[in-house]
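In the part that follows, the structures are each spelled out as structure tokens.
One chain, chain A, appears in both complexes that follow, with chain B as partner in the first and chain C in the second.
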Partner chain A sequence: MRKRSAKPPLALPCRPVKPAPFEYHAPATTADALAVLAEHGDEAKPLAGGQSLVPMLALRLTRFGHLVDLNRVPELAGIERHNGTVTVGTMTRQADLERSPDAAAVPLLGLATPLIGHFQIRNRGTVGGSIAHADPAGELPAVVLTLDAQLDIASASGTRTVSASEFFEGTWTTVVGDDELLTAVHFPVWADGAGFAVDEVARRLGDFALVGVVCGVELDGSSKVTRAAIGLLGMGGTPLRAAAAEQALVGTAPTDDELTEIGRLAVADLDPPADIHASTEYRSSVGAHVVKRALRTALERAGG
Partner chain B sequence: MATSGSILGNPVRRVEDPRILAGEAKYFDDLEPTGCAHVVFVRSTMAHAKITGVDIGEAASMPGVLAVHTKDTLALEPVAGMMAPPAFSRPPLADGVVRFVGDIIAVVVAETRAQAVDAAEMVVVDYDPLPVVVDAEAALKDGAPLLFPDHGSNVAVDFVTMGATADPTILDGAEVVVSGRFVNQRLAPVPMEPNGILVEPGDTVTITVPTQGPHGVRDPLAPVLGLEPDKVRVIAPAVGGGFGAKTGAYVEHIVAAVLAQQLGRPVKWTETRSENMVSMVHGRGQIQDVDLALTKDGMFQAVRCKVTQDAGAYSQIGAFLPFLTRTMAHGVYEFPKVELTAISAVTNTTPTGAYRGAGRPEAAAFLERIIDMAADEIGMDPIEIRKKNFIPPDKFPYSTTTFANYDVGEYAKSLDEAVRVAGYDQLRADQKARRESGDVKQLGIGVAAYVEITSGGMFQEFGSVEVKPDGSAVATVGTSAHGQGHETTFTMIVSDLLGIPMDKITLVQSDTAVVPRGSGTMGSRSLQIGGSAIYRASEGVLEKAKVLAAHLLEANVDDIVLHDGGKVGVAGVPASALTWGELAEAAEDASRRPDDWEGKLAAELDFNQGEATFPFGAHIAVVEVDMETGRVELIRHVAVDDCGKVLNPLIVQGQQHGGIAQGVAQAMYEGVVYDEDGNPLTANLMDYAMPSAAEFPSFEASNTETPTPLNPLGAKGIGESGTIGSTPAVQNAVVDALSHLGVRHLDMPFTSERVWRAIRDATPA
Partner chain C sequence: MDVSVTVNGQPQRHDVEPRTLLVQFLRESCDLTGTKVGCDTSSCGACTVLVDGESVKSCTMLAAQADGSSITTIEGLAQGGLQHPVQQAFAEHHGLQCGYCTSGMVLAAVSFLDENPNPTEADVRLGLEGNLCRCTGYHNIVQAVLAAARSR
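Now for the complex of A and B:
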């Protein structure tokens, strides 16, 4: 057995706090957390892994009178699989999701999660934090939308469940109210033999995608697509579904040329954002290629 | 030196690393003396504006606030730039006008940093916006907004007036002329540790500052404090990288030092990363209009480059750097004619300064780019056209028409080795196969040969060595390592010459109280100048030891030698030899040493190399370009850098790898961007795409060794070679990947979109 060092812990100097002053709450139960949120409303903000919120606070781009730290609420974390669904607690670390045998029943989670930041970020970052933060270039929001996941939202007065298509309202905004908390996400498990793929273009490893796609397909015995889901990230104010492309895909055994056409269809009616890293034109054009490639990969993986 | 038993040339592990890796190294911000107050600056959020009012009332009344100052209450002399008009001097606190986002308007000092940050937020500034110019070429146009209207123009330095005359006939008689316009984009140095300072007042003011040269901070600060230099002690503790940007005294240092003196208590300023991205000098920032004249069979006839240098607001070292670009405008080639003219212009942006390479990468970049364009034009292989024009080895020392005096050079040697390591012919075959099959990932192979100048202009350095009665030795040097591993390399030198084990040798540096003078660590000068000073001082100590041993052993000094095992005694009689401890003891005992003996068993001197050295090398980069997304991946990078005699290959390779990473970063990732209103769009590390090791392959770095005759070590600088050679190699590789589409040039950095556009524009619809 390894012995722990007898040395005293490092005496860390007292470090100044960079964010604007706030009151810190550390509830031990979901009910206590919801009570704090009920009391302070939009003055309060839940703190999950802090991988987006803490930098924004430190740069004083945002400020809250109250932070409700969820890291001491054990009941909010955990992964369970039952009845064709994988349920992930909001405070589950992304790194745990990446390695979970239960979550492996939803292959997109294992494919998409490694693209979130760097491993240090995923060790701390949470599944619910990423989804509730709702960055339009985030990987997990796109998976939620693509798989039509169900999301549990709790408040002091009860819990409601909404579907992914209703959840995302715009950049960094969702239907979760100021006094509410996203507590769990239910991901449906697809049939055996379904194929999935994730592809994205980012400037550096771990950067937000300039353009990305998550997708899944199921095939029948004759290699025809019976089910298709295509989600895009970085292409609008929220993650987006490429419904027309999905419809075009179902019922076919697409050739490479047809996949190229479906890629174009996926981005046809979009008006993706422009920033210093990529223009609207780039995101559209390259988005079509990325969809084609991801579908090609998903089809290769399907039916096995 | 370098006998069969020499430690020199061996890959000795860095003695600095254990304490750095264990977190035991102390950086300036780790120090928090009792009663330390904290400084936070209120910076301009506008690129160019008149300040019509600054309300400090509420800030001054905030908890813990000790003082809030603007130029009205803290009058400080403007800081003059290098060679620039006096009108372009920078007032440490803005005097009625701000000229870039980040210019300092007010300063808050408070009991804690958090209190200072809170109070700084409450300072209210009223601006009256002025027209903004962010582009150096635009700044030189008639009617451009003027940063200093009284001066009448934005010209900081005009190199034509320095003898760089323009010859309109330079291209006459050319068989082929290729021309290009290259943007060598602005970069942020991004040392892992940002800027800052800790000032402790007293009879002697003690300043702890992350710098590359403590004397270079002391000398400008002492007069501001009204003190003699010996009353100002400057210490560079552990420093987290400098890359040229941590030289001299920043205006923030001046303000903090004056505040500490006024308040009579320690004061600390620690820059945040966001602050660092706008307040620390930026590097590069040149627009280059280049023409190359050559014969149809590839012999160079003339090269001409017109440089427009972005000096940023105010004029600092950056405005001067085209001088070094001109010095190196000859490159490794035998040009009959070379002309580089340059103008530096002030703009409403962060001032520019030295950044790894500092003016020399810009020279290698334009030469290597225009040569590839020429090779494309006449249908010659890029290796062949280079080798055809190299200055041959028998012509050294070689004086260029741009006033450089190359010490040694064997340029084909390093390029041939790079070609061999890269497997160049096979790479070309792979490229051809991918082109023919229409592979979505096309291969690009980029070649660059370079020569650069190290220790340029700063030829002299202090060094001393003293042996103590306990047998240990102390070496003192005026360079100031901040990551370069001098504790390892310099103690290797002493150990090699004196036979004293490395772990009994201490290197003293980076503290003006114990190092009498020094120019610091910059310009890849330290080993060749500082290391040579230590070498000569070690020799001096050995000579004294021999005299002492001869006296003690009653022998002839000519018979005294250094025995294996580090004893000094009569040749062939190791049994009677004396240890270094015995000798040092005797040196301090008047009854045992010679009558004419002076001082301890020590020697000190200033080594002067007299001129610069010119390391060279060749790089070959291999990239894959995704033809659908424009994404570029560097899959191999071969570097053969010749820094003369290699004393410690581990440290040399460390410099090569780090330098290559920063050079590749310019080619592929980095670039400071402003919008037309002068707002920085890349002021954090999310938007400024500094790469990490995850973005790179493992570089294939090796060396050829062509020693310089100019110093006893045979060493030339290696700190910047990797940066200088790698950028054009990668740039050429990306253009090469697309050359079959007719692409002849692309500016950096190679964002996916930039490359995608080039592919789209070159591909028939």
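Now for the complex of A and C:
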């Protein structure tokens, strides 16, 4: 052990550092942040909550010449409800999303967010950071895809809006360009009485899910499904929609056996990744069960 | 770059590289070594401190990002020579063995109890999911946090 009292006198401060060196930018406005990104291109990286990026920098899994800290840009945070849409600013903390009465109009946000990391992580972690980081096992990217959210992407030359189905390109990869910033996400509000569920299997609470399911259903007066959305996480390089299972569900009031079949259908055409924690076969098998379990919960919550 | 923060009520200003993590800043620049470095990847919670009252893992925040904020570390919890109720409860209920996770555990518990003043045992276990202890099996830690909640 180092004895602190025996520190040798040093001419220069000698302090441990872990990340590779970078220039730190702390813009106060979105426009200033975009100007730094425009100037430095792929040498620059936006820093949101830092709950993925900072460990990756500290472990030197990645390095950037310039970090653009968005934490001092107040206009990028906030939650607003307009007709049929909840808009969440990219720098909204996950902990604030959990507590927001406006976000409660999109129940999947409240169901998915507590599963992200730990509460210390959600105090720092942001909605846009999680979505733009695009971890295939992330909860919020799956919610974005399942709800067909719209995403605002800004650059110094303007703002474009893309659909969730176009947003995710692969593991940790989205359509957001080097000079662009995800600024806000628009989540559609479903009809009153819709039922939602998020279910996942992880080795410990707060760990990345091995397999997860995000789903929503709407029912008619006779408990038949009129609308269904099923999203999967951890089952591919991006979050995935189980379109065939959604189609099979609509128009039915499914029995337990039929839900088992829909679970199988949801994973039938997938080739989920194998890693040290779970094989492809395990993910498929558990995935089918978790789809069934999540749908049963969503149907119960919808009054079915 | 200059980073100015208030740590445990005391102003601290140090010239550090932008890549300095908050936990390194606290330990090396402020000489407050009660905050521990555990996993370095936000998994273990040993480095938990309060930034403007909210618990964060100080290994995943840059010191530069804390500029202007108010930080509480384990060294700042005792008031007037009296330990914080959560510290007392950890001592009374033997909520530690080697002590490495303890400062993070205590600060996470302080923050958790601020938001959940009357938790159940299940709430405490869920609330401390981001703090790992390799010694105790958590039983006494959970009992300590419940006792601290009762004593408030």
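Everything below uses one rule, namely that the second predicted complex is superposed on the first by the 286 of 304 C-alpha atoms of A that agree within 3 Å, B and C clash if a C-alpha of one lies under 4 Å from a C-alpha of the other, contacts with A are read in each partner's own complex, and residues count from 1 in each chain.
FYI, a contact is a pair of C-beta atoms (placed from the backbone, for glycine too) under 8 Å apart; a residue touches a chain by one contact, two chains touch by 3 or more.
Values in this document were obtained by computation on a predicted structure and should not be read as measured data.
In the superposed pair of complexes, A:247 makes contact with neither chain B nor chain C.
Of the two partner chains, chain C is the only one that A:117 touches; chain B does not reach it.
A simple residue count on chain A separates chain B from chain C, and the partner touching more is C. Looking at the shared chain after the overlay, A:59 reaches both chain B and chain C. In the superposition on chain A, contact is made by A:23 with chain C only, not with chain B.
Contact with chain C, but none with chain B, is seen for A:67 once the two complexes are overlaid on the shared chain.
In the superposition on chain A, A:206 contacts both chain B and chain C. Residues 13, 16-18, 20-21, 59, 118, 204-206 of chain A lie at the contact with chain B in one complex and at the contact with chain C in the other.
Contacts from chain C toward chain A in the complex involve residues 1, 15-21, 24, 28-29, 31, 33, 40-42, 45, 48, 54-57, 59-62, 64-65, 108, 111-112, 126-127, 129-131.
Here chain A touches chain C in the complex through residues 4, 13, 15-24, 26, 47, 50-51, 54-55, 57-59, 67, 69, 71, 95, 117-121, 123-124, 204-206, going by the rule given at the top.
The part of chain A that touches chain B in the complex is made up of residues 13, 16-18, 20-21, 59-60, 118, 201, 203-208, 210, 276-279, 282, 285-286, 289-290, 293. Contact residues on chain B toward chain A in their complex (touch as defined above): 30, 32, 38, 112-114, 117-118, 121, 272, 274, 628-631, 669, 673, 681-682, 684, 686-687, 689, 691-692, 694-695, 751-753, 756-757, 760.
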